[in-house]
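A, B, C and D are the chain letters, set down in written order, and residue numbers restart from 1 in every chain.
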């Protein structure tokens, strides 16, 4: 099918964009551990829990978020193999917001989950979600982008997440810890891996979509 | 043999999962050096040994462990080339526990090998081993997973390791340094590279297994 | 066309050079966040802005610069697939200057944009631009380098940037903040992605250049 | 030539070993900048030179060394594409010694080039050179290793370097700075890229070696 191959040969390969993003995400996910504070007054379980417990929990939450972004990013570029300059910069824009997670997570941890740090963490989550949305839009405009649009369908999870982040930001003004609840809910929703793209990739040509 | 190629074409390629894991493992193995304390009271060999010696030895032990995990991970995905969402998350789960090594190794080092830090380090080793086991199980369930199951055989080393970690955790309550002995033993057992998969990969089709 | 393929098969593949460069750039872009100082006297928005605001802005500027270098590097090696020892070292020379960004950006931030740190930051930008120019020259001398030369054309942006960095260094002696203005201007100019190479790659064989 | 392809299809691909090594080397080369101390008493050029000058010079030296190891590693695996477990661990052994460079370089820097830190730095250089030698030996024993042996020839540079490191260690007991001179000499010798492998790779089949 030469007609199908022509658009695929144009533009730039996405492999290096994926490798660079993998590098940034791998570093973000790992350096957060460097920031975790250990007990300075002793070496017992109780002191570890007191000094490091909250940090470990917010680290786990942020690890899951970076993992979700990596997993979704991975699925995104399974379908689209050719990118242009707009996609490059939409991707860097996403990486910028993700690279701030170690900072906002550290502030949240140092403040023992105070109000303003919870709001800033929520704004970071929201900004990353918006950047991911813009990346999808940029990919839709590439020659093979329509395949991704078809694979994603209505993208209910993608549209629901920002709403929940906004709810979390509002709730943080009531009680800081309550502001993190929507973030945990979104993480759990996304932990169920995005089978839409997987299903799309697995469908052999000519086969009817299962729905 | 088209029948063999169809399952191989379904699902997602494992290459990006491998690249991301390589990135995380490379960072874990390298940033631990940032944590090592240098002598603050002088610049002699004796002071270096006093301030940094124990840290270097536990760094070496953890380096070997991350190296073993990388090597086994490498062998694992030599056989299985296609993964699904379950494998992605089982892999992230493994990376989470491995990413805690710089933290638990640092606490062990700062405490000069006290009891509770040794127990926590042992729990980290145990959790990583369990996560690796779950990753294998997730791969077994993929279309090409049965090949891996065949390649691994009885997996005696994989089943023995958690038992030894548990023994180490128990021994730490008797004497902290004794709790590290089983960890060293397991590392030495695994340093002999896993020739099972290698042998499996090397066997040409139609050739009889040498045993 | 065997005549075209012979030079392409000689020399070394550029893929590993790209992977290594991606790794270094990914780390540079990410570790700068580790250096950002958080407020030590409280957890309010005002204190965050006071302690971290300037750092965030210079981080953003440096992030954009590393992003530009990555994007241009990516485009560079889209055209040239074979490299020699001279290109390897010209590339390492570029990475050296880029690796100093976290240091010069940190000094700039800690000094709250004083004169000498602004000059040093400008010298770093200038040195990286010179190193990039030398890398291009090294690539021109490889068997497939003439294609890149053709794709780049007059390279107005590449020639203008060092002039603006020099202007910034001079302006810093008048007023430090003024020394950063040309750096911001250059970043904005480059944020428009380099369509020259993209256009060159997309042109099908036999097609006439659009100009 | 099926006879040539059979050994090439056995064993494991070297690509992931290269990717992992690239990651570790990229991190080593970059995190050293995090260790560099900035002036704490002011923001002038003089204070920067006083506080950071020596660190920058030893950083440059170590950067060049890691660059040399990356470049040589790159050349090594240009020829040999299949590896076994012995090569994996010989490679990890090399990475272990390279991963200590940020530590020994930091001690050298903090001591303002005192005797014992210079000796330790020299021992690190020596150990890395020995590990590289052992890696070559491990590769020689793989099915395609004889090609590398032929490509390397007498390997004069590889045999001379350890002798010079030993001389540097001895000289450090006379005067610390003198102990660094052989290290600088070796770096300069190696900066001339290793054209032997390049030449070997570029020779087309059937062509006579130029010598």
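Please note the rule applied: a contact is a pair of C-beta atoms (placed from the backbone, for glycine too) under 8 Å apart; a residue touches a chain by one contact, two chains touch by 3 or more.
If you're wondering where the values come from, they're calculated on a predicted model, not measured in any experiment.
Of all residue numbers that take part in the contact between chain C and chain D, under half occur on both sides, making this a different-residue interface. For the copy pair chain B and chain D, the superposing rotation over Cα atoms measures out at 90 degrees to the nearest 5. Ranked by distance of CA centroids from chain D, the top chain is A.
If you average the Cα atoms of chain C and of chain D, the two centres end up 26 Å apart.
Distance between chain centres (mean CA atoms), chain A to chain D: 37 Å.
Residues of chain B in contact with two or more other chains: 19, 23, 26-27, 31, 34.
Taken together, the chain C residues at the contact with chain A in this complex read 18-19, 22-23, 25-27, 29-31, 33-34, 36, 38, 43-45, 48, 52, 60, 63, 67, 70-71, 74-75, 78, 191, 193-195, 198, 201-202. Residues 10-13, 16-17, 19-20, 23-24, 26-28, 31, 34-35, 84-86, 88-89, 92, 95-96, 99-100, 102-103, 106-107, 110-111, 114-117, 119-120 of chain A are the ones touching chain C in the complex.
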